[in-house]
Structures are given as C-alpha cells and as structure tokens.
C-alpha cells in the first residue's frame, strides 16, 4: 500500500514537533511538508533536537502548501478559522489542532473566546477530536478538530461517571487541573522564565478558562467549574474531578463502570492499586505516550467521588489524539504509530 | 533580660531543624538542649547542614531532658500523648508540634486517627497552635499544640470567608492542597525516592486525610472535603478552596473582608494583583518564611469563590507558627525571630 | 521467522524495566521470563507502571529459570560472577548488565573493586558491551558484558579523539560527569530522599570511581581522571572531557574526525550548532533513547579540547546498549527495537 | 547612630532584589532610593514578591538619584563605565555589582570583553569585591567592584591551594562550574523558557568565559581553564577545580590549609565529612545565604587535588559580597545583615 501524503502547517511549535515525531515513524503515511514561517529552510531537527538523525526534512513555506491527503494544522489560535477554505481546497482531510473548530455552537464560542467566530458555517463540519467520544463519527469524517489538553483531562476524568449517569448533577462539579509548562507553547514569556516558573504551584486560572466550553459541550453539562494550577513539570496534566454520586451508586458500581470503559478503549488504562508507588493515575510516566491513565476514589459516607485522569498534554491532549483521529478517519489501525507506553523512571 | 531556656525533643527531623534555626537566632531565648535518640552526640549541623558555623550544639539524650522554661516537642505522631505528664513536670510551657493535641474532642480524634487517645484529659488543656485564630488564648496558655500543614493552608484559605459568614454552607466546600515533599518528613520511603518523586502530580489522599479534622474543628464546619496532591517542590503548600457565596455577597465584599484581615495580621499578606508574575499566592517564594500569602477569586455569575492560601509547610505550617505561639505565650513581640520574608527568585 | 526466547533475571529494577520495555516491542524476540525474588507473582506493570496494558507478564522465580535463547542478567553487582556457570548452562547467549564481567584483567578488577573476582576464568570470555567499540567481536560472541553508564559517557566523549591519536597524552585527561538520580538504582537511600536529592549539585565521587577502570581499559589510557556530580534530573548523564591536543591538530581536524565517526555509527549524533537552543549535546532530550549525542569545542590558543557526550544512563548506558549488543550477537538489524529518538520538550 | 543612606540603581533585577532584601533588614543603613526605569512608580514588591509587607518603597527614576552615603550599581554590563563620573559626584562610596570595574588591567578587559573600556582611568580606583581576598583594602576604599558569580566560586575553590603554594602550576588547572538559572538574570530568553531549561545539563561555555579574567587576576595565574554547565536549579553554583599538587604536599597539609582559612573567615565553612548526606559543599542549602561552603578531595597516588566551592550566585556571588564589602568600607561589623545560614531541606 502506498503511504498517504500528510503535511503539517505550523510544525515548529511543540504540537507540530510531536506530530512530526509521530508521523515520521507512522507505518502508513509519509510527511510531505512541514511548514514554518519563522524557521523556513532550517532542518526540522534544529527546532526539535530529538529528531536529529531521524529525518533530513526542512521547514517549508506555509504560503506554498502542496495538495496532500491529510493536512494537520498546528498554528496559534485564530488562524485556521481565517483560512479554512484555502486549506480545504488543498486537502480532502484536515485535522486542526487549534481551538478554532472545537465548539459546535458559535454562541458558546463567543461566550468563552470573547469574539465572533470567523467561519461559523464550518463549525458543524468538524468532529470534536477526542476518539474516545467520537470514534464512529471519525471513521467517516473529513474534518476533525483538535482537543484542549485541559479539556481532555477534565473530560476523561468525568466521562464514565456522566455516561453511566452516576452523578447527582444538582450538586457542583469542580475540576482541578495541574499542568506542566509545555502547555503554554514554545514561545517564552515572563512567567515561563525558568527562575520564575521552576517550583511553582501557581493557580493561573481560577475560573472561566476557555477549555471549560469543551467540557460543557462534550459532557452535556450545564455547568462545570475548572481551575488550573501550573506545577513544576514540563509534560503532563492531571485532572482531579470532584463530584457527588446519585444515591444508590457505590464503589462497586464505579469499579464496573471504569473497568468496562478501560477494557473497551485501547488508550485508556485504569489505575487503582492498593500497593506499589503508582496507585493512582500520574502524568509523569506518560511523557510521549498517547495513553490516558484514569482512576477514581469514593467516600461512601458523603457520596463524594473523585475522578482522575492523567495525560501527556502534548500527546493525548494534542498530537496523539490528532494522529489517533487520523487513523480512524483514514481507516488505519487506530493504534498505528501510537503504541509508546511511556517511560519509568523519568 | 535574661534569655528563656528552651529545649527541643526530636530535633533531628525537619520540624526540629527549623525550630533550631529559628531559636538559635531568636533574641529572647537560648537553646538548652536539642535531643535525638538516633543522632546522640553528633553536632546538630551534621543533620542540618545550614547550621554549620551557626552553632556548636550537639544532640543530647531524649531520656535526659533537664528542666527548662519552654519545651518544644517535635516527635512522630503518638509519642507525646504517652509522655505528656513527664514533660509537664519538666517545663511549665509546652508547644507540641505533633498531631497529638490538636483536637479538642476525643471522639473526633478517634474518627480520624482510628484509635483511642492515650491522654484524653489533656486535650482540653491545649490551645490549637494557629496564632491567627487563637492569639488571645495563647497569651495565657501553658500548652499549645502544633498545626497540621495541610490544615493550616486549608484553614487560612477559608477562614476569612467563614468568619465573615460569606459562604453558602448548604453547598459543598472542597479544598485541594498541593504540597512539596518535605511534608513527609526526613525518613526516606519508596515513594520519596527521587526518581519516583521527581516531577510527580500524585493525588495521594483523595479524601479522609487526618488534617480534615482540624479544619472541621477550627472553622466550625460540619463537613469539608480535602484532597491532597504531591507536586515537585520541597517546601511549600498551596490550598485552593472551592465554595459558593451566599446570595448578595460579591467581589467588593470579599476585597473588604480580605483587606481587613491582612491588615490586622502580621503574617498574612493579601496577594491579588492585575499584573506582574506573582498575581496569586504562591508557596515557592515563601521557603523559610512564616508569612502566609492569601488571595481569592470570584465568579460572580455562578457565585463560586476560590480562596487560596500559600505557606511554607515547615514554617507557618509547623515550626514558624510554633515559635509565633511561643512568642505570644511568653509575652514577647509576636514577630520576634520570624521576620524573614522569603527569597526571590528561588 | 520464529522469535527468539529471551529471559531477564532481575527484572524489577530500573535496568530490568528498560529491558522489558525494549524487548516487549522488539520485532524478533519474545520474553519468556522476567524474574524478581521480591516481587514474585506480581504483574510487571506494578513495578513498571509504563507497561500497564502493554503486557500481562508476571515476575517469575529467579530460582526457576527455564532454558532460553538469550539471557539478560540485571542483578546487583557481585551476583552474576557467583552463578555464571549455572546461567551458561541455561542459555547459549548471555548479556550481563552488571559490572561483573566488564573488565578483562582480574588485577584491574581487584584494584577498583577492592576484592578478588569470583570467576576470573570467565573474564576473557566476555566482550565489553559497547557496540561502538566492539561491533565485530559481538557478531560472534556468546557472552557480552554490560557497560557502566558513567564509563559509557566518558568513553564516548573521548573515543574519537583517542582513536584518531589527536591527544597529547603527556597532559592530564579529566572527565567530569554530571548524572541524574536513576543511576543509583531503584532502592531508596537517605541521599535519594526527594527533599535531600532535589536541586542538588553534589560531587559524590571526586576520584577513584569504579567506572574509571572501564575507561582505562577501553581507551587504552594509562591514566584518566573521572569526577562524578549528581544533579537534578532523573535520566541522563553528560560527560565533559578536558584534554589537550597534540601540536598541529586543530578545529578542522576535529570536525572531520567527529563527522566521520557520527556518519558511520547508527546511534551517534554529532551536535555542534551555531544557533538554536540545542547547540551542544544534552541528555534531557535523550530520555528513553539509545542515541548518544556527542560534540566538542576547542580553544586553539591553548590547544585545549573539550569532548562531550550525552546519554540516557538507563539506555545507551545500560539497557539500550545491551539490546543493541543482542541484535549484533543474534544477527538482527543492529537498530531493531531501538529507534526511539527521544522527546522534546521534556 | 543615624543610619547611612544607601541607594540602588537598577533595583528591579535579581541582584537589585537581593540588595533590597539585605539592606531593608540591615541594622546600620536605610534605603533612600531604589531605581528602575521600566518599573518606575511600582512598589518594589511587585517585582520582588518576597518583599511584600516588608516595605512600601517604590521604584524611583534612575535619572533622578539624590546624593547618598553609599551607592550600589546593579545595572547590566557596560552602563556604569559610561556614567561613573556622575555617580561619583552623587556618592562618596560606590559598590558596582556589574562587570565594569572588576579588572585592573584595561588590556585584560579588552581581551575578554572584546571592546575598549570606556573609563580606563577608573580601573585602578576600584577594589575587587571579594572580601576574602581584599578585606584590608576595603576598609579604606571608596570604590569597590562586584564579583562574577562563576569567578567567585572558582576563586574560592582554588584560593587556599594557590595561596599556600600547594599546586604544581606547570600542570593545567581546570575548573568546572555548574550553575542555576538565576545567574542569567531576570530577562527571559529562548534558552530560559521553562520547557527548554528544566532538567538541563547544558555546557553553555566550554572555554573563554569572561569570568576567567577575574580568576586569572585574583589568583595571579597565567592560565586557568573554566567550563560552565547549566543545571536544574534556580540559585546556586558549584565550582569543582581540578589541579595537581606539588610533590611533598599531601592530605594532611590540605586539612591544615583549609582549616586555618575557614577558621579565619566569617563566611567560609569547610565541609568534608565522612558520614551524613552533606559530606561535600553543596549550593542547594545556601539559597539566600552569604556563606561559601568549601571542601577538597585528594588522590595521593596521582597527586590530583579537587577543590570545591559552593555559593549562592546572587549572594556570595553578587549581592551578599557587595553588602559585606559595604560593611568593611563603612566600618560596620563585617557580618551585619548577613547572618542567614541557609535552609534545610529546600
């Protein structure tokens, strides 16, 4: 079988780098172009030093993208919605890793992004990029959005509970997400300066984070409260969701709900052990991996449930889910190119 | 004025080390003895290398404690309740940094510690060791307990809201605490091994943590939910408290509540800025300091309030509060020996 | 082609864990047994949480090892030399990752290990496990030793200079190695306790480190000075070698020497760039990778040369080289199962 | 005694912040002005959050500096040499923390800084700012330079050996310095971005670092080789100096040399222990402290000596030495305001 030709727009950033890493080793595709305006003509390994000796590809001009089979967009927020028509003319299949096409509702977009969407007619053409929720739609999709990393962690921390109708939704659902520094992207800023960022426990978004919109949309909740705290790690995010169970639901039910889910999903691992060091989901061992480790705890006295999901924000929370989505969209084995399980210790 | 003689039982641990550091530089006391069974005869700077050239004190025998003016107990949980009578015979004033005498109610103790208290008659003789809540009682106290570090962060994150009756207590109060590794004490364990502990975001106590009992007692709440997550930092804890305001309470009220509190307290600093890197309370700049940095955020649409408190777990969460309590108990200036404001950058 | 059956003795440690990770995904072998005395009967993913959902293998009894095609030994120092006869009876090919069979000379062993070797007759049967130096011997070898991680970094930092006879060996050769915490293995000790190990720059071996013997043996030097400093990282080691060039050798010669070497070696990458962030070899991007990134700098005024080699101590410095050696020994593609290039950012 | 009035030009940077912290608590001075062009009018605690509630001082205009008793200059390299006449007209005593007046020889300056000095006539008026080497001159000095942090660590690692004439200077002297990220100052750059800087072992200056000039000047060596490696730490530097002893010099001599030195110096601590975790000098426990921890090791077989010096680069390597110099220059107790011994654990 000849390999599909894929191109990446915005390949010099962190998500672009991960797409390059994954697609270079992917069994069914070949990279045609990786563009970068600011690094045009450089070897891609000058920005992504882990790719040295893995490829001699150079960054090409984002203004000169050739037709290809699948196009990945990994530009900053706001750009793809301005040029989606052009990109659709180039490629029959698009995966847009930005936030531009994650929401189905232009009004929800306006509320969380504080501006009008530039291509509202396209919103309904995209499938939200989390394969665990939209696997079947992806098989026949042409356009797939990316996922927000914090949204992904939050959704996966709550999804089995919501889907099984286990929660008392008259009580608040609060999600605390702890994240590493790569979530902020490759551009330095005063807060990312190592002396200021090292060792932080910094609650940078107490409420109102844009990823909240994705959680509301995907879980069908009317209200969910997200709080984001930056901690000292480069890759990784842990969402800890606090909610309350409907009466009659207990630990045994949760075991069953989670087990069934983890068994049916290739990249979901249930972590809930009684001994050892790794008894709960933890992002540190997931660097580079598309797995999401999930778990739960329950206080049967109060009915309080704590759902947890750990991911690599650049993988399951971005490039990994995007490649998984491409696999589904193109009819490949869903796990192709994505079997790296992470490292220990790290 | 001659200096008061103070002794420390259990001076080789982390809290003992901080007591040594603070008391060696304290203007009104002198250290008589610092005991350690396992390090008997060693210079204290062999365990606490920061004290090298600051003192030639050696660890003395915990079985041979001489009468002194103030006795600090910094032993593991469960030991001071077995020997409190002996210690009371040696010193007229005691500050016990362990968890043994923090709770007033033997039943609450039993519920959270899973065992009977060994000296229940002594529980009522102790004042809970957080000066911000018990300043006046401390002035005439003979026995003061320590504070739990997670409890301290949680209490300070909620105290002004509870005291001002700003919360709708029919809705849940959830506190997420993120903590550094020194909270676990000086003894290595498999989970504290650097390759396993570095870079973690590890939710080690989803519910039921013992410090919950202190929060319930001190804030008078019938229910509060604590969740503890270990992150990559040595010193420091941040409590992020999630609650809901009573109708009619808004941001302006909160500003007033917090400002008044911070102005009246020597070690409480309100952090809520619009620019700069340090806009919210952060523990990293508090290493070695007795200050607690507090702040809040509020979502006026939903009535959700987020209270935050950052501390150094070994200082305001242990040795710092203990010395502040001693200052009050002995009639010294409350801030004596405690004015270190922290370091930046660090 | 049917897969070769491989077994790992001592699979619960860090090197054992990496062997498991590599061999589980290796195209030409299958894992028959992974033994652990202390974790007998547990799933291997309980010790190596990155392997969850990658395998359902359990640790088996180290006393009951079945015949296999290739046996990997990953026990603590001193054990394999006591039982090498037994192991040789089980498997025709052995890779021993410990230090037991790295030296060819029992006297050199005695000098650096302070004891008599228990199986001196076996020393000459082993090939030193660094494929970059012993590729051809490995193709026909039955017994291959492991490599010391610090030795590997030091050897690779000096090898091209020594091989090209570029150094003035009348002047001292000093190698400073900076290493992460995983080098110390999976067992906690007081110095590995996170509060004590985090943020260290700790020169734990100023001279006389045992790995010096390997560097002397492999490079044929009469004297080389190694100094080891622990820094805050889990995986990774950087060797910075300080030496002086023979008169007449300059930067152009070094470029040529290094380029030829890197071009001829599948896992050696030359890093010497004028711009970008990653201009010199750096271990952080090598976590999980078998690549060694090497580079040099030269002060033509003084004739001083600085050779650098960055590796993942658990991979190129242990399990990675061991699998590469197995590939050569078994006639597989040398890079089989080892193509992971590392992660960025991390 | 009325307090001396001191002002700081360039108080928003990291060295300026440490000067503020030290001088705010200094018993014999008061801060008159702290200037910052870019943060004019802001509270100093907005840049230095550890000073919140410690002072209500605001940054004033660097163009409007009033006469004062002592002026500290903490601007970027190259600025003070252009305006030294103006500053001398304002204050009778100046401590310049920049590199501008560290060298006595304009030719040495030209060689290492690649440009002509703008105020060569002033070079001879300054005393090099390391009190351990220039105590007596400082007592009568009007102008004192700062010190380079890497130079300070290197000088202190070699000084007792050189002063005692213990080294065979026909053999090379190589110093490897490992440093934290605060050495680079408060301005972000691509290499200081947390995802790129976290976990590094990055040899950013293999030879030719500017601080070499200070080491040559202060130790009177004709040649010394410095190599700088960035590691994951915010504050701290360790210099490991590699040299060879003159015949006849052995461990006992070194013990004597180092002991005498450490006993005679208020801020030098000798660390060379046989047990415990902190057996060698380590910067991590020195954050915020003016102490320099020094030590040595010696291989009597080869005559190789390893000298070590650990400092906080912002304290003994910058602001701490500057305040110590001021104390000497002004006739204060040399240790005034500088007795903080560091923290453990941290």
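Per-chain residue numbering starts at 1, and chain names A, B, C and D are given in the order in which the chains are listed.
Following the convention adopted for this analysis, a residue touches a chain if its C-beta (ideal position, glycine included) is under 8 Å from a C-beta of that chain, and two chains touch if they have at least 3 such contacts.
Which chain is which protein? Per UniProt: A, B, C, D = Putative [LysW]-L-2-aminoadipate 6-phosphate reductase.
Worth saying up front: this structure is predicted, and the values here are computed from it rather than measured.
Centroid distances built from C-alpha atoms place C farthest away from chain B. Each of B-C and C-D has its own count of C-beta contacts, and the greater count is at C-D.
In whole angstrom, the spacing between the mean C-alpha positions of chain B and chain D is 35. The centroid of the Cα atoms in chain C and the matching centroid in chain D are 38 Å apart. Centroids built from CA atoms put chain C at 46 Å from chain B.
Counting only residues that touch two or more partner chains, chain D has 14, 182, 186, 190, 195, 198-199, 232, 234, 277, 282, 345-346. Here chain D touches chain B in the complex through residues 14, 17, 21, 25, 46-54, 182, 186, 234-235, 269, 271, 273, 275-278, 282, 285-289, 291, 293, 339-346, going by the rule given at the top. Across the interface of their complex, chain D is touched by residues 171-172, 174, 176, 178, 190-191, 195-196, 198-204, 206-208, 223, 225, 227, 229, 231-233, 236-238, 240, 242, 244, 277, 280, 282-284, 297, 299, 302, 304, 306, 308, 310, 345-346 of chain C. Residue ranges on chain D touching chain A, taken from their complex, read 14, 180-182, 184, 186-190, 192-195, 197-199, 232, 234.
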